[in-house]
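So, here's a batch of structures to check.
Below are two complexes that have chain A in common, paired first with chain B and then with chain C.
What follows is the complex of A and B.
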């Protein structure tokens, strides 16, 4: 009962319920192949959701992630098309992600402009560069080893991107919940002014988070390119909203300061299982989107209702 | 244009004549094959019409399996198509009938579906590389669409002046092929005084296309025609010209649905446009898929089959995509004020 009182406990119960219903509805749901497909279809988003958890707990937002994914993927595709070795192109694409993150950080931390504004602008700008680079036509024909990384199993049937997600999830959990850096992320997110007066290196923490967001997004863009074996200007377009939805559903407050990595990971599993279950039941895209929207509203409402309820009970007593 | 249609017909007749000897395969009704009709996205009339054709064939053949019509939302088209195709493989669907909007990005998912035993038959828009695709049911020969568009432009513009193309998405394989074919046709001496000044993209969304059409008029003061090889683009362009009172100056043509274009054709905003029947395309695609699923054909070049009321068809090499195979439906109709009303009902 106490476990249910925490947000994570509630999410866990919901997750079990969704898995049970899906398994009941479709004999395919629990097969290894389908479970891998379920993760693979969204693996780039869920990797970025891990770093987005840091961003939002820190009291900021990064809307440019999907455009960084697109820019890195298109830059990679363009370089390969020009005859560059794919290995070098991967490195340069990751460096571009670093620069994108640093650019965001420069304006947010350096000039003190709100991250909502800065990353809205770079969301448009980075996407524009991506479209210019590949001139809106698809590029494919990457080296076989690159496509294989996205499409073939690395450990047994489990592909590279899923292995990376598992490793990153553990790392993200440890950094956020078990290190001094993680505690600073919370403290700054809860009250920036107090954090600054306490002598915390607020700017350095924020800059690091935005740079990490850029690099991880670029990596996710490359993983996407490998999975689909092609890039074009609109690659990963609109992914930022799905990523932010997962993080908020995980109980991370949009105002910063609260939320946990395990909450985000549970929310990721819920969204994936729910989408996959609906797809196996042949429910169309419009309804799927609607269900996820309702889920997000509930996830924001439930804590508020609970808080009000607790307060009322306290008053009665 | 008449000449072209006649020659296309003659070509088809010649092909079909040759096939008569090759013994067309006919379908055995009453088989069981679960099929998915996967459009680019939901909520567009031609795709619903294709579904109507597929449903007609489904009932006619007495398929005891299911026919599922499902698609992604427009904003999520690429990722959504990949997801639905992947899930269809997991579900063990016999065939996915795909109007591809994801370019080559869908090829790995199509190959995975094939490996899982799900055939992928494309229609309306193929997988550019042909990878993972069993066969493509082509509406009309891509080269002939180019000539028909060039000829409609010629007749509307009186053979001279500036015109522009308003297409769908920049990576839509079919639109790109048709525009390329039209540019090829325009090299002919007959079209020497016509100038294609720009190609813009309305993303197959009404509002975007509407604004792009108006932007074209602003950018090119001498523009005489907007040629839009997409049903969304042509309607939005015609509406934009009508709303702004520009129909006397700038005409609209391209590929459109009679039901959506009838008022613009009658009021002179879009005097001529062309199209094939999406109902027939869905019907033929379903027949092809059913024959593949029931093992009557394998998808090899040279196989001939009877597609119910539409007659005999043969699988051939796709001239536009080396290594890929197609079934050519063709021909198509040019609509003007004399015949549009009858089709628009």
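What follows is the complex of A and C.
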């Protein structure tokens, strides 16, 4: 437990360091406008990172999230273009997210195929459906209220997506760390066989997590569409890299069983501040993604780094 | 007589391939002709190479998602070198591309084998890292056909020989030779069998004295080198290389491998099947573009569902077989 706490302490120190460096480099960084902007530009990813924390602690992975985001957004755009009321289209897009999650769960829980393989295939397939719907067009004639939700402040300058993130972060924290369901998520992730023999409803827990992942991703896709005010076939493409990096950097083990929601939230703040700092330095998106890739590799190496560190300290003593 | 499972799989694949061809022939006018073969064989040559590389990796229970960036990177860097040194002997260039690809692969292999990191995470990261190396060093500028030596762009359409109207290009011959070499290496050589051993039972392989780390490293180097060769062909076929070259090819390679009957959980498979898998995926891809009833935008959805179907069928079949044979090993 102390080791975990110290990892979060380290994350916190890194976060402060990045904030200090960014503030030093750019006078704009600490302004309220930039801070809100920083959150708003990535709010869809960080909402999905919350649910991805459950998925990975549970010993699984969901590579299809970005495609579900894209599919929900494109389905919404397509329905609005066909003349459907936007409110109904939102509901149906969320239902599509539910179905995507349930489809993943069917193959993972029902047929017992590893989530890595299933969600790699559905990552391609869901993205494919999104492309079938919008082809190579862009759709942008959304009702004003929908665009306003993504672009205007809901509470003062704070837009809906950020309010949602705050609410979800608290909920995710409470569910993971304070409920029986959360304990089951850890237990199953740490040792699935023991959990099964202990009579835990392993399949039901996993199915619920994948369905939640689908619904939340669909919601995030809609928020993205509202913020940008348009959808295209490649919307949200590649977001799984950011999301998985945030979760693993937060100290969640890729093999499941360990990690905390506060770790993920700290890691989210680190990634956001890092990207924002790079953007303020005029570093292009491709390079930012490369830096994130390096961060991802370092994150999975965390257990190894930690182990070598303790061994070195022991040797010095 | 009992047909071995592997052979049966290839026969089924061939049947599916022929059936798919016949289906599209019934739907599209003037479909089955030499032009179709000439068009498809060129792109299959490229996909088959990266799929064979991917097969080596998948056999060892790993996956290489960085292939698209390796193909793009080698195409770009090889093009860049040729623009700077147009006098390089043509025979040398493919090997140069393979060496560049092998360096990328070695980076993957080092991280996966040395630190025992999950390959899906490592290669998801290097997919982004390799691409950003490409963007950084290119400064956003593209390679264009007119700056490349003319032999290079002519090479892609150069025929080794022709059979009637069918043109057998050099790139197809090279690709088929690579597949056959890989097949013989994997099935007839001790060093090749280790790839299966690691994938089907890592513990037993360790007890048998097989160095898992070395084999996995080698698998990634092979995957990188073949992606490099594919990058050379890519450069030769298209000439114009932008920073997004090769984007998404990794998914096609995984698709060809899985549809081709390589077990995604490692340990079993056949690269001849992978060649047919690559051909099948490309056949569907090309035909959907020409099929009036369904839009070409279906191809990604079809690819994803095809992979899922192949994996699900494989898992269910394997489980049946194991149940019938209680003494059988791990799947």
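Everything that follows uses one rule, which is that the second predicted complex is superposed on the first by the 294 of 317 C-alpha atoms of A that agree within 3 Å, B and C clash if a C-alpha of one lies under 4 Å from a C-alpha of the other, contacts with A are read in each partner's own complex, and residues count from 1 in each chain.
Heads up, the rule we're going with is that contacts are C-beta pairs under 8 Å (C-beta built on N, C-alpha and C of every residue); 3 or more make two chains touch, one makes a residue touch a chain.
None of the values given here were measured: they were computed from a predicted structure.
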Three-chain arrangement built on chain A, chain B and chain C clash or fit: clash
Which of chain B and chain C A:125 touches, first, second, both or neither: second
Touching partner for A:289 - first (chain B), second (chain C), both, neither: both
Which superposed partner A:228 touches (first chain B, second chain C, both, neither): first
Touching partner for A:276 - first (chain B), second (chain C), both, neither: first
Partner with the higher number of touched chain A residues, chain C or chain B: C
Contacts of A:34 with chain B and chain C, given as first, second, both or neither: first
Overlapping segment of chain B (options 145-153, 235-243, 307-315 or 325-333) - the one that collides with chain C in the superposed model: 235-243
Chain C-contacting residues of chain A that also contact chain B: 135-136, 233, 238, 284, 286, 289
Chain A residues within the chain C interface of the complex: 61, 107, 111-114, 116-118, 120-129, 131-132, 135-136, 233, 238, 240-241, 244-245, 248, 254, 284, 286-287, 289-294, 296-297, 300-301, 304
Contact footprint of chain A on chain C as seen in their complex: 63, 111, 115, 117-118, 120-122, 124-129, 131-133, 135-136, 243, 251, 254-255, 264-265, 295, 297-305, 307-308, 311-312, 315-316
Contacting residues of chain A [partner chain B, same complex]: 26, 28, 31, 33-34, 37, 40-41, 135-138, 140, 147, 150-151, 227-235, 238, 275-276, 279-280, 282, 284-286, 289
Chain A-facing residues of chain B, complex: 41-42, 68, 70-73, 75-76, 78-80, 82-84, 86-87, 90-92, 102-109, 112, 116, 128-129, 169-171, 176, 201
